[in-house]
Structures are given as C-alpha cells and as structure tokens.
Amino acid sequence: MKYKETAVIKEQRELATGIYSMWLQAERIAGEAVPGQFLSVYSRDESRMLPRPISICEINREQGALRLVYRIAGKGTLEFSQYGPGDSLELVGPLGNGFPLDKGYGKVFLIGGGIGIPPMVELAAQLPGEKQIVAGYRNHELFLKEELERNGSVYIATEDGSAGTRGNVLDAIRKNGLKAEAIFACGPTPMLRALKAYAAEHGMDCYLSLEERMACGVGACLGCVCRSMDVDSHTYVKNKRICKDGPVFAAEDIEL
Amino acid sequence: MKYKETAVIKEQRELATGIYSMWLQAERIAGEAVPGQFLSVYSRDESRMLPRPISICEINREQGALRLVYRIAGKGTLEFSQYGPGDSLELVGPLGNGFPLDKGYGKVFLIGGGIGIPPMVELAAQLPGEKQIVAGYRNHELFLKEELERNGSVYIATEDGSAGTRGNVLDAIRKNGLKAEAIFACGPTPMLRALKAYAAEHGMDCYLSLEERMACGVGACLGCVCRSMDVDSHTYVKNKRICKDGPVFAAEDIEL
Amino acid sequence: MVNKHMKYGTCVNLAGVELKNPVMTASGTFGSGAEYSEFYDLSALGAVVTKGVANVPWPGNPTPRIAETASGMLNAIGLQNPGIDVFIERDIPFLRQFDTRIVVNVCGRTISDYCEVVERLSDQPVDLLEINVSCPNVKEGGIAFGQKPEALEEVTRQVKKHAKQPVIMKLSPNVTSIGEMARAAEAGGADVLSLINTLTGMKIDIHKRAFALANRTGGLSGPAIKPVAVRMVYEAAQAVSLPIIGMGGIQNGEDALEFILAGATAVSVGTANFANPCSAKEVAEGIRAYMEQYQVEKIQDLIGAVGSVY
Amino acid sequence: MVNKHMKYGTCVNLAGVELKNPVMTASGTFGSGAEYSEFYDLSALGAVVTKGVANVPWPGNPTPRIAETASGMLNAIGLQNPGIDVFIERDIPFLRQFDTRIVVNVCGRTISDYCEVVERLSDQPVDLLEINVSCPNVKEGGIAFGQKPEALEEVTRQVKKHAKQPVIMKLSPNVTSIGEMARAAEAGGADVLSLINTLTGMKIDIHKRAFALANRTGGLSGPAIKPVAVRMVYEAAQAVSLPIIGMGGIQNGEDALEFILAGATAVSVGTANFANPCSAKEVAEGIRAYMEQYQVEKIQDLIGAVGSVY
C-alpha cells in the first residue's frame, strides 16, 4: 500500500556541509517501508508542485518513524532544511520496490556514493550476510559512517584523499583487496555505470538504485523511465519506470 | 523616502476572530511613517508575487517599530498570521500620503469601519484637536477599542447590535447627536460613499482612505487608479493613483 | 446533511453521456487509473480519461522528460503508450470495475491512425472518445492537426465517420484564435470540446548550458496556465454551442468553479494529481461544498454564469 | 575582484546602440523610472524602457485592473498614458539624468498613430523605439497588429519610414507561430525584436461570479509564463538574425541567463519589479556573478549558447 501522510518532524540536524538528517513521525509509511524504497516529499511553497523523491535512510517501525538524509540541491531541499521539530511535511510513500533481501548471498558489497549513501544504512541493517560497506565521499565529512559501522565493515574513499582511499569506491575496493558475491549500490550515474561494468567483469550480481526526474512518483505519468533489456510491464516497449518498477534494478536489466 | 526593509516580527496575536495584530521591527520605515500611510507586505510563498497593502496602525518611532492589524482575507494574510516572533517579513514603505494633520480643526470625527479601524489608532494619537472616534464593528469583538480610547471619545456601532448603537457608523453619530468640522475615515466603500454624502450635506471637510487592487504600490504600474475631479499628476486624465496620490483623498476630489 | 437536490445536483451530460459529477482526470496524468486507485475509489469521479493510446505501441521521448517550473511543470513524455491491443485487453477491464465513465484519449500520427484506434474501440465499453490533436511533444501528427482550422475540421470529420461513441476534440492553446479552432471542430462534427492541452515551453539548465528536457521543448501545465485556460474556455464557450470540458491548472473546487462559470460543463484535473494523489476526488468534494454553501440546486445553474459587477 | 575583462564583458549592442549591460526594464512595469529611482540609481541598468506612450493621452480601462494568479498576475491597465507631449516634456528629461539608455515604448490605435509618435520622437534624445503591437488590453490597435504576419510587416515598414532611431518590434505570444511573426517583422525592416508581451488570460471571482478584472481579460505576466517566453525567444532566434530582447517572468540573474542562452541579446525585467523594487538591478548583478563564477569573458559567448547534453 501507498499512503499520503502528514508527517511531523521529530528531529532535524545538519550532518555535514549542506547534508541534513531528518527523523519523521509517519506511522503508516514506516509500518510498510523496506530498504531502498523512497518517499515523495512535498514543498509547502505553492510555486513548487512536484514532489522531491528522497530515499529512506532508516526505518524505526516500533516508533513509526523514518529517517531521511538529503543534500541541499535546490530550492525544495533548501526549504526542507529550514523546518524544525514539530513542523509537518506532506509525504507519499513508501514508493518503489527496494533492494532484494532474500537472495541468500554470503558476502556482499553495499556501495554508496555521496548522497547515495543514506539508503545503505537501512539496507545494512536488514540484509542478511556479511556486509562490506564501501562509502565514497567528497571529503573528510564522513556523514552516516557511524550508522554504517553498526552493521558491517566500512571502507571509505574520498575524492580529495582526506580520509580512506583517495579516489572512488572502486579504488577503495581494489586498494583493500575486497571480494564479494553481489553489489548493492546507490550513487551518481557514472559510479553506477562503473559498478555495472565491474560486476559484469567479475561475474557478480549487481543491484543499482537509479534516479530520474519524476512527476507522479507512482507510475502514472511515464516521466521517469529508463531503457530496459526486457519489455516493461506498462507499455511493453523496454521503458521501465524508475519510480514504480525501480528504483532498484538488476544491473543487467537496464541500460545506463 | 521609501525603503525596502526586512522586518522582524516582535509580537503577533489574534485580537478577534480572524483579526491579527503584529508588531514589526522596521527602523527605517518607522522613522518616517505618518498616520494613514501603508506598507507593501510580501508573501514568502513564491507563488504569490504581489505585495499585500496593509495600513499602519501604530508607530513607535523610538523603538523603530510598527504595528499592523489585519484581517485574514485570503492566502497571503493567512500566511502572515502563521508567523511568530523572530520570523521576518519583507516590507516596502512607508507608502502613500497619509491623512492631513495640519488643518487646525477644533473638533473632528475619526471614523473606522471594520478593518478600516486600525489606521485610526495612530491618527488619533497624532491629529491635534478634539477627537470623536466612531468605530463600526460586525459584532461584540471590539478590537483596538482600548487603543482608540487613549486619544479621544469612542462611539461604537455594531451590525448585530451586540455593543453600542445597532447599525452603522452614521447611525452611531446620529444616535449620539455628534457634530464635527471634518471627517477622517477608512473602511468599506459603501461606508465611505455614505460619509462623502453626509459631509457634503453638512458642509464638512472629509478625508477618505481608499482601497484598490495594487501591483507595484509605488505609482509605477497605474493599476490602482480611482476617478478624480482634477487631472492627476501622472497622466492628466483624472485617474489618481491610490497608492501614490492617496490612499487618502479629500472626498470632493474623487468619484466613489 | 446532503438533501435530495444536492445529491443529484452535480450530474452533467456530455453528448448524451451522463456523469455523476463534472470531475474527470486529464489524459496522461492518471495512467488508466490503476496507480491512483491505490489512494481512493475511482467511483468518486465523473469519469477517468486515459493516457493517449495509439494504434501501435509508442516508446515516447528520451529522458529527461520532466522539468519543474514556477507553479507548473513541463513534460515531454512523447505519448509513450502500449498501443490499442494491450489497452483493450488490460486497461478497459480494469476501469470497468469502477462506477465511473470511461473516456479513452486517442493519439495518432495520421488521420488513418486516429480512425484505426477509434474503430478498434467501437465495440468496447467506452463512453466517450477524446481525440488528442494537440500534443506538442511529437513531431508528426499531434499538434499539427490542432493548429490549423482546416486540418482540425478534416480530422474531426474523418474520426466522426468511424466513431461509435461521442467524440471529444481536445484543442491546443498554442493558437492565435481558440474561437476559430473551436468553430472548426464544431463544423467537423465534434460532440464535445476539451481544452486546454499544454502550452509549448522550454527550460534551460544554465549550469549545464543545455535544454532541461531531452526533447528541448515540452508542454507547460499546472496552475501557472490556469488564467490562459479559463480565458480560452470562455472564448470557446462564446464561439460554439458544444459542451466543453475545461482544464489547465485545476487544483481544488474553487479552480474548477472558475472553469464552470466560464462555460465548462465538466473539468479535468491533471498536474494537480502529482502534487496530491487525492486531488481529483477533492476537486469533486470542493464543488459540492461550494454548491451547499451557496445553495446551488444543480450545477447547470453555474455553467457559464459569470457576469460583470463593475 | 573584478578584472578588466569582467568589467567590460557585459556590454551588448542592439542595432548599433551599446548597453552597458543587457538588463532593461519591461514597458509598463517601471513607469518612466521615477518611482524606482527612489530605490536605486537607474544607471545600474542597461536601459530603461518606458510605459507605452500614444499620440494623445489615454485614460486606460476601468478598475479592477490587477489580479494575482499563481506565480504571476493579470493586468488590464489599457495603456493609460499622458500622450507624447507630456512625455517629451517631463519623462525624457528625467531619464537623461541617468547613465542608461532610453527606450520609448510606443502604442497606437492605427498605423498613423504609431507613426505620429515616432516622428515626434525623432529629434529627441531617445536611443531606441519599441513598438507595442501586442497589448491584449485595448480593443483596436495593439494586439490586432501583432497577430497577423501581414499586418505586422506593414506596421513595421511604415514605422521604419518615420523613425530616426532603431526600431524594436514587440511581439505577442498569443500566436500560433512566433517564428512566422518574427520573420514578418524582419521583412518589414525591424532592427530588433522584443518578446514576449503578456499572454491573454482571465480570472473569475467565484464568490461574486464575476470577472476579476473589469476588462474581463488581462495580460498574464510573471514567472508563470517564463517557459513559454524562453521557448518563443529560442524559436524567434532560430527564425531570424535580428538581435532579440527576451522577457517574461525574469526575477533574477539565473532567469535572465536562460533567455540569453536561448538567444536573447538583452533581457527585460517586468513583473518582478512589483515583487521586489530592486529586481532589475539584482538581475544585472546576478548575471555578473554567473560570469565570474564560470569565467565568462564576454556575454556574447553566452548568447544562444544552449546545447544538448543528452
């Protein structure tokens, strides 16, 4: 089920420059959400009609709470960052399919690049098996590192070399000589493309969370498609909807 | 001089159902404002571009503060009512001409109808002479009555008869047998029209504060004109700009 | 309490098809209803209008297909659709579950494309056909038919020959005279007009110095265009005597009432679905609330009832 | 620190007239500058464009003349203006105090009205003339000339015969093909094009069941129309080789840059002045900031520089 829910902000704080963390009270959505799903978050400013898709970072089902971690990318996320405890936000969710949790892998990579790191937190908590979490940051502001360390061994890459391996997530994997059966990843498209190639080369399974501009967020408008290998369930033209058929896809199923 | 100023809200409270009072810290505007002038108050919501014209209710020049009293009439004023102390608002002002203070009348009527009452507060404080203040309300919620009583004798009319004279401000004047040399008034157009006729009939001077939909608020767009007896200073076609040549006009100078 | 009058007062009639209330969904913003049926019972609506369907599947345009603009959005979906076969097999049966009218939006590249789809639908349980001759996002067909009165009249006439259900012609706002276009559709035999489709627009990403949409241009929709839409509905209503379905930026009952007062018999809710998945239902509720507030016995009393008080 | 390149990099040239920066004011939103000169020194602007002036005073339309809409507004001022005599005596001397270009917007009911005003201005210290053939708020003249290519070409040709200064033709967006209109103005001899004027719109007060504007329709302006304006500037720039002044919803430097990348040589700021009296100056500052951020040496490198990255 998807819900339209008015959520109350329980906590909001800046984790790193321009990166905010928000805990929201949203019982119905929290009751059903799974790792890798996302929410449509709405601006209160009426000039901004479209929802902002934001991945679920953590789920506290007992408390009916969800955590979102987001980067100020424009006016919508700037607006969200200005709210505080007690303020409310309109949400629709949980949306999309989430990562597969039942493949039975022994040893996996969870790979997050930049603002693709947040969904790895809940995934690490729920995915069975041995988790090697590789997180690529811009600099030494290693947001969510502690949360990641709760459920796996964490390897860091930074663009400026200020922490962990200088370079990208694949540099960190190589430098640390890491191996795994499968990849679960979220991050910028160039990173996902590189991971898809790496997985193919190493015969690994690979699940990627994609992004595209969205309007409806629920599969109705056909705005957010990606090219897919198989025919899609809507139009049968190999155009899968990221909001509905994704955002997580098996790498070999989509063009990147 | 007119200023664009970011004002900080010092106090906001609901005086009567849907009627709010707001004290704003706005040094430069407060330093020059006179009774009967108004401000352009801007929405923060970007879908609402045009300013809301709001009359100045009180001026505290020493503290650099201004008081606005407004009715929730739509989305803009609803937005304003949701802000609290410490929040800021963009203002432009002081705008318009204000009431004439130097006519040397011995005894005058200050007449406010509904949301036309607020400007009478500062006018009563600054206008010399004996002031008979006639305030027309909808019901027993006599907002600003105490403030008005500081500077004159107050006569009340209410539509539902729940306080003072049942009826309108002219009913209250007649019932109380009041007389004066001049009228200073603000309120709904039917009231102003009646006062204009009353003043003409009794040979009184009469100053009325008018309203019209505004865009620029400063005299540039020619949106807010009223028909005038004399040619106007802008176009010489007898179309005075309420925002610039008014909002206060001598009753005989304008069509109503 | 809703009295008997109120209960029946929202019915409207479009070329003989009765809608329980005047609220429809705007084509392309509501799929074939499945996605939004997760949020409310579609029986709350007067009609569901489907995404445009062609004779064969269309893959649509490359992404990005969506861009946000001030109080609106641009889309360049390019009429991605599964074609009439899948549509008949899957979408019509789905919609028949609900107590609402079914309007199928038809797109095509040539007149014979339109006629083929219309014929395929002739034995289907579909209430009305809406012919989209105004999509700005496809090269051939689409808007080309919607910008020339002669072409519009001709496509209308041909479609009418093949159609079993009443035909709604959906007009483009990207024209000099909407009245002229409305008259052309009427002359061609249209039963109903719907307007407006999107205004052609463009957004540029100044940091990438590139078009925000892969298609360069897209269709502008949402509250931003409402004043243009209300004006065009008013002008069309003055120009022809056909019933009109008004749309463009409707978000709530008040917006819908502007269109009805301007002369629309029914309204469609489009982009607002994206801002609130329950919009269309709430528009219907808002209209009812207004009718109760002002004691309007039947909605017909409001259609075209705008006047001047100045 | 601003280096020498940056200092001179914002100059643009409109038919031989050099502007220190590409930012102008949109006619009718800035009076003749007096009101906004209370907020900043008008010398910060590339040019001031005046409110439309006719051969004789016009009283304009009845009120209400203004209505707010989502991210925009409607106006139906109806070209109230004092006529060319007062204008020459009062407004031109006022504007000459500033180090900025003077552009006079000219309106009329007939071709000879336009020509009369243009002739009266021939010996005046005015840099450019902007011919408004696109005002939707007056019955005769105005938009009538702006919606038919032949009429536009003819009025352009006649005005050019009488004009001593370069002529800007201001185009209406209420047309099927802006490219066709741009070519007509070019064929008539226009030196520069400016676009867009307002889109015709309507708002209805559902509580009064009356038109929100006394004139019924008005011109829609503001950020709501920006996507339409950018698209039309792009299409006009593809259609003709004249310099273009782009406008429609510009509020800040980023908005202005969209127009410049789409092909505009200069831009005008209109409705935004009402939302912030310092808008036009801030647009100029925003353009400079962008040029510094991306190390753009001269603004010419940005004109029409939009590309595709998909």
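All chains are identified by letter, namely A, B, C and D, in their written order; residue positions are counted from 1 within each chain.
In this section, a residue touches a chain if its C-beta (ideal position, glycine included) is under 8 Å from a C-beta of that chain, and two chains touch if they have at least 3 such contacts.
What you are looking at is a predicted structure, and each value in this text was computed from that prediction instead of being measured.
Asker: Give me the set of chains touching chain A intersected with the set touching chain C.
Answerer: Looking at chain C and chain A together, the chains touching each of them are B, D.
Asker: Determine which two chains are connected by the greatest number of contacting C-beta pairs.
Answerer: C-D
Asker: Just the number, please: Cα centre separation of chain B and chain C in whole Å.
Answerer: 46
Asker: At what distance in angstrom does the C-alpha mean of chain D lie from that of chain C?
Answerer: That gives a centre separation of 34 Å.
Asker: Averaged over CA atoms, how far is the centre of chain A from the centre of chain B? Could you give it in whole Å?
Answerer: It comes to 54 Å between the two C-alpha centres.
Asker: Mind pulling the chain D residues that touch 2 or more other chains?
Answerer: 63-64, 70-72, 222-223
Asker: For chain A, give me the residues that contact two or more of the other chains.
Answerer: 46-48
Asker: Hey, how would you classify the chain contact layout here, line, ring, star, complete or other?
Answerer: complete
Asker: Show which residues of chain B lie in contact with chain A when the two form their complex.
Answerer: 44-48
Asker: Touching chain B in the complex: which residues of chain D?
Answerer: It is residues 28-31, 34-36, 38-39, 51, 57-60, 63-68, 70-73, 75, 77, 80-82, 86, 222-223, 271-278 of chain D that touch chain B.
Asker: Enumerate the contact residues on chain A facing chain D in the complex.
Answerer: Residues in contact with chain D: 46-47.
Asker: Quick check: in the complex, which residue numbers of chain D touch chain A?
Answerer: Against chain A, chain D makes touches at 70-71, 223.
Asker: What part of chain B is in contact with chain D in the complex they form?
Answerer: Contact set of chain B toward chain D: 1-2, 4, 42, 46-51, 90, 92, 212-226, 234-239, 244.
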